[in-house]
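Read the structure below first, then the notes.
Each chain gets a letter, A, B, C and D, in the order it is written, and its residues are counted from 1.
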Amino acid sequence: MIRFESDYLEGAHPSIIKKLEETNDMQTEGYGTDPFCSSARERIRKQCGNADVEVHFLVGGTQTNLTVISSILRPHQGVLAAVTGHVNVHETGAVEACGHKVLAISSEDGKITADQVRQAYEEHWSDANHEHTVQPGMVYISQPTENGTLYGKEELQDMHETCRSLGIPIFLDGARLGYGLTAKTNSLTLEDIAGLVDVFYIGGTKVGALFGEAVVICNPAWRKDFRYLIKQKGGMLAKGRLLGIQFDTLFEDGLYYEISKYANELAMKLREAFVKKGYGLRYDSYTNQQFPILPDVHIEKLKEKYSFEFWEKTDASHSAVRFCTSWATKKSAVEALIRDIEVL
Amino acid sequence: MIRFESDYLEGAHPSIIKKLEETNDMQTEGYGTDPFCSSARERIRKQCGNADVEVHFLVGGTQTNLTVISSILRPHQGVLAAVTGHVNVHETGAVEACGHKVLAISSEDGKITADQVRQAYEEHWSDANHEHTVQPGMVYISQPTENGTLYGKEELQDMHETCRSLGIPIFLDGARLGYGLTAKTNSLTLEDIAGLVDVFYIGGTKVGALFGEAVVICNPAWRKDFRYLIKQKGGMLAKGRLLGIQFDTLFEDGLYYEISKYANELAMKLREAFVKKGYGLRYDSYTNQQFPILPDVHIEKLKEKYSFEFWEKTDASHSAVRFCTSWATKKSAVEALIRDIEVL
Amino acid sequence: MIRFESDYLEGAHPSIIKKLEETNDMQTEGYGTDPFCSSARERIRKQCGNADVEVHFLVGGTQTNLTVISSILRPHQGVLAAVTGHVNVHETGAVEACGHKVLAISSEDGKITADQVRQAYEEHWSDANHEHTVQPGMVYISQPTENGTLYGKEELQDMHETCRSLGIPIFLDGARLGYGLTAKTNSLTLEDIAGLVDVFYIGGTKVGALFGEAVVICNPAWRKDFRYLIKQKGGMLAKGRLLGIQFDTLFEDGLYYEISKYANELAMKLREAFVKKGYGLRYDSYTNQQFPILPDVHIEKLKEKYSFEFWEKTDASHSAVRFCTSWATKKSAVEALIRDIEVL
Amino acid sequence: MIRFESDYLEGAHPSIIKKLEETNDMQTEGYGTDPFCSSARERIRKQCGNADVEVHFLVGGTQTNLTVISSILRPHQGVLAAVTGHVNVHETGAVEACGHKVLAISSEDGKITADQVRQAYEEHWSDANHEHTVQPGMVYISQPTENGTLYGKEELQDMHETCRSLGIPIFLDGARLGYGLTAKTNSLTLEDIAGLVDVFYIGGTKVGALFGEAVVICNPAWRKDFRYLIKQKGGMLAKGRLLGIQFDTLFEDGLYYEISKYANELAMKLREAFVKKGYGLRYDSYTNQQFPILPDVHIEKLKEKYSFEFWEKTDASHSAVRFCTSWATKKSAVEALIRDIEVL
């Protein structure tokens, strides 16, 4: 069985394993105050254009989302997010468990627009009984989205200007940020993002690390006491250096970009194969997740040799499915899959 | 600088690093459903006397505590714990953030007694206005305690019988369980513990792993839907196998016990050195944490070469401090420290 | 200005004011343990067919909803409700503030069907990653709905059977229950309701009382420790007898039904007037809330003399608005309004 | 049976009942936006020396406490309070249910000192691991305290200066504020209080109203969006005018002070009787709650004719008990009790 069902099927990039091994005996302070974390913070800051940003390391995505959102919102505020957003559908109500409603905005492809945010804001404030409804307190977007799609530079600038004018911070979930930054259709650098959102995170778990997400707080307004929240929500790793070591390695010589690009290239090959075969694509993704729409019989056929994720029924005899590539995907695996697609 | 301030100063036992390296390329399903987790679960179950227990793997201690406690209590219930308990003092209010009061019980050495639990229970239920107060819903104990002390078999049996008769489950925090199980004064096996508490966890972070805690749910009453809570609270590791691999290694050939015993032996040498020198001990610990009371001038002297944790002032010119050993502590480091103690 | 914008514009039915006055000097115990509460409980129990039910009194609707829902759900569970449900849109995220997601179900008229509940349940449990999503833990329905519509007996029986088979309790919000019980299209008695749902409440605030909601817990499974939750959520009135006195009065000689019927009759007169004039009705309501669709110019005209609530734009030049009647609405006010409608 | 067990045994002062009756038919907007609330706000503002304060009306004390505290604290912060404080012991964990730890400070008589607050603050911030502990985010005090004692002007000024210098807001629970303002040992006016704390509330439930607490937000920093929190926590009364009418009546001609003074005078007579008889007083209260220490046999004797609250055992054969007076206590009842005390 060759697996394509997610981008967290293997361990970590070998450079990380090697670094963990080399540093294993060193003694360091705990909780992210060690030299590896400092170095990784510095590298990330540099990638953000030497911006005045604060960097924290957490273990996983749901934890990161709930911690950032808890830190920003007051009790009566909710977070605006695409109805498809990870915080709305795949975190077992983690945000609600912290007391906040996810204010879902309709979306066809995982993205929401600045206009939708403005509309939600205006609907709230123009309601005579707005105190009886949840106040929009922040915006959550994903880059790439859960559907593999990307915000372009202009779109993010629009969102930035709209949210700034409304006084609403933007939090960008970058669980797969590497695949976004290196997509051939991408128009945003880390520096751009750092200038356009209030808080974002650079995903490690799905991009070469064993685990780990680097939260970057761009807006000083949201920095106060963030470490308390990491601790309270259970996200402060005792051996914090493990996070530092991993991000230090990923950002030492561009490894993060290199492996993301590699995965995207394999994904593009898959995309081409599906398109060439005449299959539709559920979402127009140029990142490491591909969502072809296949006849159910072909899905059954492919399942004999490959694992991938069922996404949704599209009609009586077709379904969209998800194939993921990653730094660890073997070219030979993709080639084998393509051959099998060609003869479906 | 030689460090003794905690038991999470280094990476992981080399066997774990080696296993992570060997398995790095393998593809597995996520979220703890992989073969390594299954194997580790089986090994732990076996150590619990082949008991009918359910085993889950989480990343860290605070996360584990808040997840287990949230899973058991109803909204109006609180958790009885020693005033010194980790959940009461060192988790930034994680339990309260989940909605529950920690009902603190006085303690001199980190332990609480079955009688204290009974008394708290009776005080609650005999109060004419008990509905205006938080109902004791569970008991939290640590083994070893945060002060290095241990519950003996009879004490835990008393607690078990009392709690069973009161209808209150017991949750045992075993962040440092290995050091308890292998202390020379220990009278409890894993099998004993599995028979006497409702839920407990076997700490990995402080006992040889990079990170990881193995929750063992002994009482079937508390198993339902536990994985939902792990996910909601941000504790479900995408690459769950990392936890499986580590616990599988720790329990394959008794490594967990072996390295704990080693750390305890070094701690006993330190203890002897302090006692021999005429220093008092703040707590009577036979585990890997030692709490000598030193003249402040001697503390300053030792600080020149060693790091250790300030615990509390005991009088105008003395303080209790904490020295920890672990699987990674070098004998030579302990010997050096002892020589320096002798000439203080 | 004659007001029709809500059903809580005046004080209480004069019988209640009189009873409050008469009993004012009596000394009673607090917190709902007084003889008035006992008597009111007994009367309500009798109205429920002498069923084995438990009755509690709370002050307001949002408070009641959040207390009941908190009492029933475990942390990872959410409440299924119509997208228009009060808990979803008009309680400032009260349910989320207690940690739970409202799982919104689409609805045209405020009602949801047993099939929709079953579908939501099946979607959850058939999802391979259901542990990553909020588990449906209960159903919330309103009778009458926020749109004035009613569940019929068969519909509630279907819901009952479906939910029983799925193991999901039903909570019925009866903030305006009186208007439902006495609507000319109604097919459900209090006894029916008590037999078909797990928990419901009989609204007082909007049906003749100064304030107050009577929670009826039909299913013994949900009774345990409910008073603790009332207290914790801030709903335990010190002078609990005020609630007892009011419900005792409302249910002494059928006053609750009588005044509800009166309000419905006035609402029907309004309905006829709107229909006769050729206006559409946004919802097909036979209860005390009427939702005519008027030309915006006519709305402006009526606003000169009457207050009523804007509901929603229906097209460029029309809007739905809400007119409410209550026990306190004067016939002369309705007649005046009808005359003005006729000449619009 | 003559009752003295609490100060909420009867309805409301007759002037309030009369006003409710007179205004019963009037139509007003809901949710506290009516003219009665406006008038009551104005009167309270005037009593606060025409200060720039914001006034809100809630139904009960626990609700008020949890709403104010939720509104002020961030998730990782707790509230400093006397160990005897209502929020710590008699609200079923309402504050914790909103996510916050009550940081209990030892107290002999219900009061805490500015020094204790400073010490708690310094202990937190001097802890190397302060991010692992709950940050003191506000101070909660009661006036009078739950033990009937009072803060003097200097004490409150000290608290004010300390808290201001530490950047920690003060919230004063005035559930029985009237009895404090009119005690013969009192040194604080409403105007003083408004100048020395950030938020406080004027209790109505225990001082002449059917129910109701008037929250006064003195510090503009804590005003933003407070009404959202009232609604979310279930405290926004639909017929908000009921609160306005009551506070308007209480503050129209000094009724609030007059009835409080009356209750205090009766309490002083009781105090004298107990002292004269040679009984100790558990707390030195000059307000409407008296806590004599009686031989248990005398308690049993008095129980035959009077109800009062058991407070605590003071030795093998004595207990402290609580007697409360209120606006509604009859002089004849106090005289009867005194006669019975004299012949014990």
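Methods note: a residue touches a chain if its C-beta (ideal position, glycine included) is under 8 Å from a C-beta of that chain, and two chains touch if they have at least 3 such contacts.
Remember, it's a predicted structure, so these values are computed and weren't measured experimentally.
Chain pairs B-C and C-D differ in how many C-beta pairs they share in contact, with the greater number at C-D. Among the remaining chains, B is positioned farthest from chain C, on the basis of C-alpha centroids. If you average the Cα atoms of chain C and of chain D, the two centres end up 33 Å apart. Averaged Cα coordinates give chain A a centre that lies 42 Å from the centre of chain C. With centres set at the average Cα position, the gap from chain B to chain C is 50 Å.
Within chain C, residues 75-76, 91-93, 97-99, 131-132, 135, 228-229, 231-232, 236 each touch two or more of the remaining chains. On chain A, the positions that touch chain B within their shared complex are 2-3, 5-6, 8-12, 14, 17, 20-21, 23-30, 59-64, 66-67, 91-94, 97-98, 205-206, 210-211, 228-229, 231-239, 242, 328.
The part of chain A that touches chain C in the complex is made up of residues 75-76, 78, 89-93, 96-102, 128-129, 131-135, 310. On the side of chain D, the complex with chain A involves touching residues 31, 70-71, 74-76, 98-99, 131-132, 135, 225, 227-229, 231-232, 236.
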